[in-house]
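Shared between the two complexes below is subunit A, which has subunit B as its partner in the first and subunit C in the second.
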Partner chain A sequence: MSIFEFEFMRRAFIVGFILALIVPCIGTIIVLKRLSMIGDALSHASLAGVAAGLILSINPVLGAAFACILAAFGIEAIRKKIPKFSEMSIAIIMSAGIGLAGVLSGFVKNTANFNSFLFGSIVAISDFEMYFVAGISLLVLLSFIVLYRELCYTAFDELSARLSGVPVKTVNSIFTVLTAVTVSVAARTVGALIVSSMMVVPVACSMQIGKSYRQTVLYSVMFAVIFTLSGLFISYYAGLKPGGTIVLTGVLCLLLIIIIKKAAGRTVRQ
Partner chain B sequence: MKNRLTILFLLLYLSLICTGCAIGKKEPAGDGKLSVCTSFYAMYDFASKIGGDKINILNMVPAGTEPHDWEPSASDIANLEKADIFIYNGIGMESWTDKVLSSLENKKLTAVQASSGISLLGGTDKGDPHIWLSPEKAKREMENIKNALSAKDPGNKNFYEENYKKYSAEFDALDGEFCSKLSPLPKKDIVVAHQAFGYLCADYGLNQIPIEGLSADSEPNPAKMAEIISIAKQKKIKVIFFEELVSPKVSETIAKAASAETKVLNPLEGLTDEQEAKGEDYFSLMRENLSMLEEALS
Partner chain C sequence: METVIKAQDISFSYGGEPILYNIGFSVNKGDFIAVTGANGSGKSTLMKLMLGEIQLQRGNIWLFGTEIRNFKHWPKIGYVPQNGTARAGGFPATALEIVRLNLYSNCGLMRFPTKALYKNADEALKLVGMQDYSKRLIGDMSGGQQQRVMIARVLAGEPELMLLDEPTTGIDAESAQSLYMLLSKLNRERKLTIIMITHDIARAADYVNRTLCLEEGSIVELMREQILTEQYHRHKHPQRSAENNDEHI
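Coming up: the complex of A and B.
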């Protein structure tokens, strides 16, 4: 049977492609801000949101998005307080998220429900989730294009960005919300593993060859698309788990790039 | 000054730990009754049907939790330290038992593997653990539990034997119902969330097509999903079964592709809170499973 005969595979390719377009855009800025682990931290914080949502009987997906936004602002706030150790803010929020989720889950009446909100797989995506992801992605892409210059400045050097008239605070806030919403929606749809790795691995690859900010963003999107699509193909034909396959394809590619670059550097020197 | 502060801090910390321990102790009443711990729901139900009000029973995996990925907490271990009997299914269902049992100091504890002496599907050791889903084998498990209770508490032997007699008749009746209702049905294939129904299928000539392997919760691989969709279409399967304690997303995706519907087939590994409140038990849930199967296979 051919791979595209199945609706769920077509859907995996569509959603995978959309996310491969937007997640590395966010990822490039995240990496420049030294916040590579933010995807993990936010997806853990969203667990607490799901639990709180179930307890207060509000929609858990909304709860997750809300918790993610709070956590992302928490990370921003701590990062500003301790600018030299910005990665610490992620560790703090991540452990707070896990801790809160652990405590709150004790009050959730129906744990079965809890599980079903945590679980996301790229090969099991519902109609609602697909449209939701598409909508959010459009929003992220538009904001990214409109704020392209401002985001670039802020990511590299907040101080000189402010001096050259960029409204750093507003830009940061918008970016924080976008990141939080993307992670909370995407992690629930395709799984936290894919989201948090797609934020960093393609960016790492493109930083090896990109010569400017613009190139780095474009290459990282290109890499993410290649990883996702080839990962899906491989997992289908080799009978592997899709999430892990996509991530490992990316890591393998990064390794190859580093080795090739080193070898090329050596030949040039000789 | 600094030293005094450290000491104060340590004292505070110690007192916190102590209160923590005190909260963890849910002391079973010292009324001379046998104190029994069971690993998950099916074991709990069987043991409480035999023991009735002659035992104090505590189920370790709480309602609404998937037992495959559960691990005991400190207070669970504390309960085991005070128990007389620990009943578990075995065959890898409770992967934590070996480690936990060897670390206990409780000398009087008898650990009872309810599945011992029952012939298994697929070899002896690493086989399919879900034997309680066959009424006939579940009866054997209950018998093992009865024997263990009688040996530990000979004073109530007759009581345990009476209960066993009563419920073994119920198991036989259930077995009869499954046989008579399922054997005339034309279809024999069921698609299930995880490979839990091997013994049930073997007993009644059915064939399970599991989406996942022996343990319940993990990401499926797309090739497997495609294969199951093709089989389901080809065999005109009407129902894709899922479990209440596992996310239904994958089952729903498959059902949609094969234009089937999703229904619950309960592996009795744990109850939800609603089921517990309604007073469901092994027999009522197995009958519910039977009616789901009838609908799917007719």
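Coming up: the complex of A and C.
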């Protein structure tokens, strides 16, 4: 197939596939903790890191990762201070991230590079970025597998998890770092503005059909892989932006699942 | 008689407003206690203090003979939270997966449950009469069934003390009755010490051996006769009793 004749497309498929394995794993826990918007807040904060990286001439992905980690711990800290309105912490950090990114972007000389982070540039991944994404992804995936039970129990009920011996604070801190690094590497590829959709949409699809927690995790990974690969194919042949196409493929699939499920439910009732 | 919980001179206030004032009580092994009181009387605060979820401001609590500040054996305590069923409703996990979560207390970090522990989870579901629902999503169950699964989850960890925060909220009268019967059976047959917050004292009184009532910051132990008198008045003057309840709410 001609699409794989190009080095940049092969790289895009490899990076897209790797990200599709880890993003929904993190997304499942985020959705179950009712923190779906955290991806948005972190990705906007990552833009501030990208701008800072470009100004200081350090790799913008590293800048994004650093900003995301700071933002994620900021959200946790605010969440603990105002537990009754914990979702406010996401809005505060998101506003701060947008504000800082807006101010710092004024000092960035190469605005094209900065703009590529807004909607992603999966087809313009460098060798360093590909290895960086692969390394981070391996770390996230291994951590997710090792902490599978702890993350599930903490998402279900933190107090019960603590009583049964789960080191909740440590698990939450590790998960915060995992979320931050996942968002920062995903922001580079699918774009900061749509990374949270990549976290939530595959999980939303799998929750419609999953019959257990394990299935929900596995199906969300499966959906993410399908959306990413089909999104890349569609974007290549239709000449569309890959990041947006991947997310729109997912949203369309979610709508279809909901419609089919509703129709099937109606048929069963009749 | 072994003392499971001893609380002494506990005072607690939110933003300067006292909720609990110089409260003291003790719980013995094998007790089945109902804690009742009007909304805002500090029942949930007292439970959070016993669980170490909020810090003591004054007084002290001993759990299994150890001061709560130094207490490390939390897996000895099982907890069924208030609105646990509402929270569980949207969680995409089967009853068995939920119950198996609490096997953690017996195996810990980086160690996977053995076959014997998995059997514990199966038996816990059987004990609460939910073995036929083990593969069903928790969200697809009724409130009463979900609450049974929550209890099975706690039992899988083999606790010595079970704390329940309003376990019958949001479930119908028949399911509530059968839940009390289940708790009573666990208390009798497994010698499980149970402390349960409830508004439904009239029904719960038939199953518990002690009733503690929180009122205006202090705690009093209600005698069975007092509860029966209250029940009598409820039957005799349902309207007045309902009005009294409204005042409490």
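Operating definition for what follows: the second predicted complex is superposed on the first by the 231 of 270 C-alpha atoms of A that agree within 3 Å, B and C clash if a C-alpha of one lies under 4 Å from a C-alpha of the other, contacts with A are read in each partner's own complex, and residues count from 1 in each chain.
Keep this in mind: contacts are C-beta pairs under 8 Å (C-beta built on N, C-alpha and C of every residue); 3 or more make two chains touch, one makes a residue touch a chain.
Predicted model only: the values in this text are computed from it and were never measured.
In the superposed pair of complexes, A:150 makes contact with subunit C only, with no contact to subunit B. When the shared chain is aligned, subunit C comes close enough to touch A:166, but subunit B does not.
In the superposed model, A:216 makes contact with subunit C only, not with subunit B.
In the superposition on chain A, A:207 makes contact with subunit C only, not with subunit B. Once chain A of one complex is fitted onto chain A of the other, the partner contacts of A:123 are limited to subunit B, with no touch recorded for subunit C.
Shared-chain residue A:12: touches subunit B; no touch with subunit C. By the touch criterion defined above, A:235 reaches subunit B but does not reach subunit C. When subunit B and subunit C are set side by side, the one touching more residues of subunit A is B. Overlap of the subunit B and subunit C interfaces on subunit A: none, as no residue is touched by both.
Remark: subunit A residues 32, 146, 149-150, 152-153, 155-157, 159-167, 207, 210-214, 216 touch subunit C in the complex.
Remark: subunit A residues 1, 3, 6-9, 12, 109-112, 115-116, 118-121, 123-126, 191, 232, 235-244 touch subunit B in the complex. Within the complex formed with subunit A, the subunit C residues making contact are 51, 53, 74-75, 77-79, 81, 84, 87-88, 91-94, 97-98, 101-102, 104-105, 108-110, 135, 137, 153, 157.
Those residues of subunit B whose C-beta lies close enough to touch subunit A in the complex are 62-66, 217-226, 229-230, 244-250, 252-254, 256-257, 272-274.
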